[in-house]
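The structure appears below as structure tokens.
Chain nomenclature is as follows: A, B, C, D and E, assigned in order of appearance, with residue numbering initiated at 1 for each chain independently.
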Amino acid sequence: MPLIMPDLKPVMPEIVMTVIAIGMLLAELVIKRKETIGFLTIIGAGIAAFTLAGSMGTTFGGMYVSDGYSTFFKLIFLVNLILTILMSSRYLETLKINFGEYYSLILFATLGMMLMASAADIIVLYLGLELMALSTYILAGFIRYDIKSNEAAMKYLLLGAFASAILLYGTSMIYGLTGTTNLRDIAVYIAKAELASNPVLMLSMIFFAVAFSFKIAAVPFHMWAPDAYEGAPTPITAFMSVGPKAAGFAVLGRVFLTAFGSVRMDWAAIFIPIAILTMAVGNIVALSQTNIKRMLAYSSIAHAGYMLLGVIAGTPDGLASMLNYMFIYAFMNIGAFAIIIMLRTETFKGEDIADYQGLSKTHPMAAALMLIFMFSLTGIPPMAGFMGKFYLFMSAINAGYTWLVIVAVLFSAISAYFYLRIVMLMYMKEPKETVQLNSSPGVALALVVTVGAVLFIGILPSKFLLFARLAASAF
Amino acid sequence: MMTSYALIPLLPLAAFVINILLGRKLLKENAHWVSIAAVAGSWVVAVMALFDVLSGAKINYDVYTWMLSGGFKVSVGFLIDQLTVVMLIVVTTCSMLIHIYSVGYMHGDPGYYRFFSYLSLFTFSMLMLVMANNFLQLYFGWEGVGLCSYFLIGYYFDKKSASDAGKKAFIVNRFGDFGFGIGIFIIFLTFGNVYYEPVFSQAGNFANASINFLGFDVHLMTLIALLLFCGSVGKSAQMPLHVWLPDAMEGPTPVSALIHAATMVTAGVFLVARCSPIFSLSETALMVVALTGAITSLFAATIGLVQNDLKRIIAYSTVSQLGYMFLACGVGAYTAGVFHLYTHAFFKALLFLCAGSVMHAMGGELNIQKMGNLKKYMPVTYITMLIASFSISGFPFLAGFFSKDEILWMAYSGGSPVGKFVWAIGTLVAFLTAFYSFRLIFLTFHGSFRGTHDQEHHLHESPKSMTVPLMLLCVGAVAAGWVGIPALIGEQIGVHNYIAEFMKPVLGHPEGHGTHGEELGIMIFSTLVGLSGIGLAYFMYILRPELPGRIAQQFSAVHRVLFNKYYVDEFYDFIIIRPTIWIAKNVLIGVTDARIIEAIVNGVPNAIAAFSSGLRRVQTGLMQHYATIMATGILLIVAMMLLR
Amino acid sequence: MEQTMNNALGFPILSMLICWPLVGAAFLLFISRTNEKAIKMVSLLISVATFLLSILLFSHFDKSTHLMQFVERYEWIPYLNMHYHLGLDGISVLFVLLATLVTVLSVLISWESVKMKTKEFFICLLVLESAMIGVFCSLDFMLFYLFWEAMLIPMYLLIGVWGGPNRVYAAVKFFLYTLVGSVLMLVGIIVLYFYAGRSFNILELMTKAYPYKMQLMLFWAFFAAFAVKVPMFPVHTWLPDAHTEAPTAGSVILAAVLIKMGAYGFLRFSLPLLPDASREMAPVMLALSVIAIIYGGIICLAQTDLKRLIAYSSVSHMGFVTLGIFALNTQGVEGGILQMLNHGIVTGALFLSVGIIYERTHTRVIADYGGVASVMPIYASLFIVFTFASIGLPATNGFVGEFLILLGGFKASQWAGVLSASGIIIGAGYMLWLYQRVFFMETSQKVAGLQDITTRELMTLLPMVILIFWIGIYPNTYLSFMHPSVQHLLERVNGGSAPAVAVNAITQILR
Amino acid sequence: MVPLNWYLILSAAVFMIGMFGFLTRKNVIIMFMSVELMLNAVNISLVSFSHYLQDMRGHILVFFIITVAAAEAAIGLAIILALFRNKQTAHVDEMNEMKG
Amino acid sequence: MLQQLFFGYYAFTIIILSLLVVTRRNPVHSVMWMLLLFFHIAGLYLFLNAEFIAAIQVIVYAGAILVLFLFVVLLLNLKEEISLKQFVGSWPAGLFVTGLLFVSVVSVLGSYIQGPIGKYSIAAVRSETHTKALGKLLYTEYLFPFEIASLILLVAVIGAIVLAKRKLRS
């Protein structure tokens, strides 16, 4: 059998990423200043982002596809990566965990996500997922001396493995049914063999749904998220709350709309209760949190619920709204985490919600930024969060799920309560103790970028919507 | 020419504006000049208007469009006809005299400018009221005079009783206005218009129309008339809305004279007279008016018998006399009513001003039981007040005699049973009126002084600025009635009943069904009744001064009821004020807002918060539990998908 | 169908009105927070400039047409067919003026009373102004919603940061109450958008017919948003708390402009978009309005807190407004609009006044007052003007509005007219009682020796006094703005059966 | 010939036993082993599917699963070691610093 | 028949061993039972013509992974371990849920329809040998996943070092 050189153009960004990841691993041996590694990583990510532009195509025998959809997600991953790295260096220094491996791991994790977004074959999907997951497990446990970090990694890993097992079980069933692992072939075979109402197909679909729900932290498969988010180093929490979630949505969208496209009503019926539960539990439990990372974890669960609406709608608009929301969510959520990171010093954890009391008095700028992120997360115009939600609700209503949107808006109104609590503490209470800000150019830059994006997308979202729409239609 | 009529109300308005803006800093003690000049100017123009009307002019024009909305248009405009002119003369004259009187009475008061600006504002509003050519402007003046009444009653605002009284007057009046307002709505919906002319000219077309009002089919004209009458009842302090007027005596005495005797309170009568084309179309409405007037006059007179407060007695007398006027209107004798309004303005203003003069001398003391023998110290006051009392008692050939006689004769001769009934009551009231009026005179001016030594030391006659208006009004109290000498007497001395003829175009003149003989009999009878009232008062308070106390003891229950004004205030307090506030506190705030709405508003978040803490406990931190929940989730989804 | 007119002014005045305060707020960011004087002066200048600019609307408005004027339209999100679409008609133009005026007064009244975080305070105020103007100008439903919600942020901060002791509760309550209502409206908007063939253009939406059942659902969805804002009877409880706790400027803006938006929403959206449902639901709305009038009034009688009393009186007065609107006849609607304006002026003035005295005594408990008229005569005389305007005395603006509303209400339903007319009795009761307890009787300890109002304070109240009498004596200046627009609106609601003839006749009389 | 379903049932049984272990065992290492058990169950079904479908894909997947399982085990056990250093336990019920 | 018998034996033993693995109190015993279990599974793979898979099952699983497990288990305080209960309090719930899941999965399996038959018939594979066939595929068609797998292993290496090494320079 002749060895044919596959078309490498579609995987160019991934190749760049791999090279940088390995390069960073080696660079760590020679470069002492970790900021430099961070800087190089960002440049690398930038290059990867550039190569995204010309990467359209399918390769490796249809196993790997680079289309608008995947490109959009990859953009989110890279933004996520860059912002996380910007926030990381000072934090790592403060916590004395400034190891060079951090950067290559985060690069590998991002690479995993990119693979997932482009995977057109369950095998690639699975491997991408595991690459991302394994790297993230390590990153979550990166504060080796901290019991919480260990515990977070442990829980994340074990439950992650459990979910993987379920995913694989589902895979094995679909393989048994269709004899293939290629998503498109699966769809074709389901149509051909009229498997649409086959219970085994249903079962395998359920297992897929469960595994992806785990990744996006949808209820009741969300239980790992609060613990992992709380224990992980804060930049990684930010990274995790966007990256793996987005990757989860990427595969969820692709698998369900490609492979199971013909049984949309069935999987919509699975996801509707999940979405409702997710919004409910996420928003409601967030109300009584005292740790801000944990609160944002629940908030991120709730946001997954909103995004599920886009998938449930199942239309190109629905998908586009989900993409768009994910994009916006990346900025606003990471922005909020950047503030949390700024509060962290060697002696002061700054993770208690009560620590934000009176922040507007001691650090008005930080408080104002936090306010913007909080209102954006609530979904109040003119912040981007509103536009994101609005487009989501619109596409869900267009797909006929008005009642579901009513549920969603009510829960989003509930969510205002806990976001506002932060604003309230910052602005309406007197400071308890003086909080030092552990600011660095990186975090500052990250904040500028995020707040700029949140406001810009909030007011002039046209281009972004169009981009998302384009990405979704080139699916 | 037309524009000059606008000066009638505008001059006082200008005076008000000048006084209120400049009075405190600039005019201070000279504030009265502006007001007096303005009202004098108004008086002059009013007299000119009188001559215009006498020469046959009827003026009706719009100044500018006030409101315009869809088909609803209303202007500020003036209608000057006979009725208006009479009112104009009454108002400007009384107002002018009382302005002058106030210069002395209010001398040295810290709120001097304020007082005069209120008086000017009042005059303006009252003139707007009487000159209106549409119902809404009438309403404007109506509320305006109410506002001034509020200000002036509560003039001594640091006194709780005064501020209470002002508030009470306004709010009680609002009850009447409530009906009045709805009356205007129905007029608009019926006629598509709120101008007098079209409304009155078309009223006949609706004579037999009925309307469904709040689910009841009612006679349209009766409904409108009664709703308008609601306003009258409030403004003119008729039963059951009379409660504010006695309390209104908290205001300075000139105010009582001007507003609560001569002008404002008669606005109700004016309204009925003005709307006579509507009232005349409804027997029922007229009957209600007559009965209300009759009952009120009797009711107030009985209360007046036992009161000891100088001004309150006069106030009840006012209520009683207003009842008389309504009685007249109710039997269709609008002219008689307006005639009585006109004479009453003089003698009642005089009574009040005299009372003010007495107060002035007594250092603010109002209890007639603590007075006595004042005639020695204040002759002018005594004589004028005596004449006023004779006039109100219907002493022959004084002003009150003619108007009262006219009313009683009209009631009697109207021929209806209601007319006879109200005549009987009217005659009884005439007796009571004479009695309490002279009780007042005797207790105040005769006998021995019963006040403190200090007070006695200070007794003195009032200054010229006060006594001159007294004397001028006294002329009115004597002679005002001579324009309405009934034919019975007029034929003998060769004069006409000028007022009746004058008013005929507006108010009509019902023909009596009685003979001259009957008329003479009624006249003599009522005169005798009045004189016997005076006699009884003389007997009880001069000859046998111990008698009233004994009688009061003998009939202590009756006395207590009368002394406490039939407990009407207490009754209202019990059935309206207390329940309303109780409901506000214990039902609306306590239950609806707090227990229902707020319970939901706060309850839902609280429930969610409680649920949240509960749900938190599910997240035990144990991985096995997490996995179990995941597995349960899978199981449930599988069950859901397979069992559906 | 052409529904807009070219901009009579040669420049985009509405955008300028919206942007100018924002620019000012941005400018404030760069002023040092210690330089309070400069912050205040800049805010004042900006708000006055905005107000002066808005006067151009007043003078250049073409009163003879119902078409939208000063229109601006740019693409905003073409994919969703959203536009940056501004314009004014006779219903909305006056509220822009009210908003700009009230902001000036709010800046003035906050001159001394805001003692901490001055910079943030004025930034919030200016941002709020631009959102308020935006709400009234928007002709794109989403743009409207954007401003509508954006307003919550500065208002939440105003109440929560600079408010009274219980401010946090009040602020959160305000925010959540309004948000819950608004999000339901959002769903309604989207449903409408799809039904109408993907359009947020209000003018375009108005030309479409919607099935009755859908109208009904949308009506209640809109109701959730607007009724909360008004606030109508069962959803009014945020208002007393918000008013009571908000700083003076906050209360004033809340009373004068914010709660108008609810009623404005009914006029701009519920009525013309959902005519059948509005007609069918009018009895319910009338009933709720009547309840609000009486309920709000009676509850005032038992209040012990100055601001709370005025807040509940707002419930009662806004009951009149909704009554007028849902009377669905010319007098009712025009009266309703006028009364919105009136209420803004009068209640705004009352809150300004309360703020003035609160600054001196630091108490809102009515029982702490008494005899203020003796020590502060000028203040007392201004306050009595507002009191009587609130009671609806003829010659004040309150009368004109209430009369037209009651007339319209009576026309629509006798019961509604009669019952709500009883509100004028209750209104006199609580307002006069309030006035008596605060201003009359013996001078209380807390009040003794207070200074009468300063020139600055007088300047904040005078415009209100002037407007009260202006509207009271010559309301046609303002009513004439509305005639064509209201007529057009009612034609839409009543299916073209409104008595157009009468209006033409009247217009001829006027000429 | 053994029917395919037999293999599938066997696989399901092993999968569920693994799941049961994961859900109930206290010891982290045993939980980990339970996950491996579940993976093996999947492998059994994949291999049998491959066999019956006469296709190699299942085998390929199994190959990758084993690879990943190894990597996972390495990392997992490293984490356990780190945890063990900070807290001398392998019991998950004593590992709930974070909850709620 | 022989095949069924064979399968019966393996199935029975695999299930029993699985149960033993998850129920033994002593982790060392569990690991030992698991070792035995892996061998049986490898046997089953052989039975299914997957020689290479069987081999890596033994080499990787039994040889590498389990040894790793054993190492870690030996770190534990076994004495204490044996004195404690092996299940968490909620184990009946776990049993119930997994039981029901098993029932539902098995009941669903009845409606399994076999997929399309591929080109790698037993004969074809045998002719090429399983290892070679698999290898060929891995290096051609599945080259990409194969590369990813290598990265996964790299990450695992890094991770193990980062997390478990005693001292790291920073």
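The rule is simple: a contact is a pair of C-beta atoms (placed from the backbone, for glycine too) under 8 Å apart; a residue touches a chain by one contact, two chains touch by 3 or more.
Just so we're clear, the structure is a prediction, and the values are computed from it rather than from any experiment.
Chains that touch both chain B and chain C: A. Considering the contact criterion stated above, the chains in touch with chain C and with chain D alike are A, B. Between B-E and A-E, more C-beta contact pairs are found at A-E. Relative to chain E, the most remote chain by averaged C-alpha coordinates is B. Nearest to the global CA centroid, when each chain is reduced to the mean of its CA atoms, is chain C.
Compared with chain D, the chain whose C-alpha mean position is the greatest distance off is B. With centres set at the average Cα position, the gap from chain A to chain D is 26 Å.
Chain C has its Cα centroid 43 Å from the Cα centroid of chain A.
Centroids built from CA atoms put chain E at 6 Å from chain D. Rounded to whole angstrom, the centroid-to-centroid distance between chain C and chain E, based on C-alpha atoms, equals 71 Å. Shown for chain A are the residues that touch two or more other chains, namely 123, 127, 130, 134, 137-138, 141, 144, 153-155, 158, 162, 175-176, 179-180, 199, 202-203, 226-227, 289, 417. In chain B, the residues that touch at least two other chains are 605, 616, 619, 621-625, 627-628, 631-632, 634, 638, 642.
Within chain E, the positions touching two or more other chains are listed as 88, 90, 93-94, 97-98, 101, 105, 108-109, 112, 114-118, 142, 145, 149, 152, 155-156, 159, 162-163.
The set of touching chain pairs reads A-B, A-C, A-D, A-E, B-C, B-D, B-E, D-E, using the touch definition from the header.
Per the touch definition, chain A reaches chain D in the complex via residues 122-123, 126-127, 130, 134, 137-138, 141, 144-148, 150-155, 157-158, 161-162, 164-165, 168-169, 171-173, 175-176, 179-181, 226-227, 230-231, 289, 294. Across the complex, chain E is touched by residues 1-2, 4-10, 12-21, 23-27, 29-30, 32-34, 36-37, 40, 43-44, 47-57, 59-60, 62-64, 66-75, 77-82, 84, 88, 90-93 of chain D. Only residues 605, 608-609, 611-613, 615-616, 619, 621, 623, 625-627, 629-630, 632-634, 637-638, 640-642, 644 of chain B touch chain A when the two sit together in their complex.
Chain contact summary for the complex, chain E toward chain D: residues 3-4, 7, 11, 14-15, 18-19, 21-23, 27, 30-31, 34, 37-38, 41, 44-45, 48-50, 52-53, 56-57, 60-61, 64-65, 68-69, 71-73, 75-77, 81, 84-88, 90-91, 93-95, 97-99, 101-102, 105-106, 109-110, 112, 114-122, 124-125, 130, 133-134, 137-138, 142, 145, 149, 152-153, 155-157, 159-160, 162-164. Considering their complex, residues 19, 22-26, 31, 92-93, 95-100 of chain D touch chain B.
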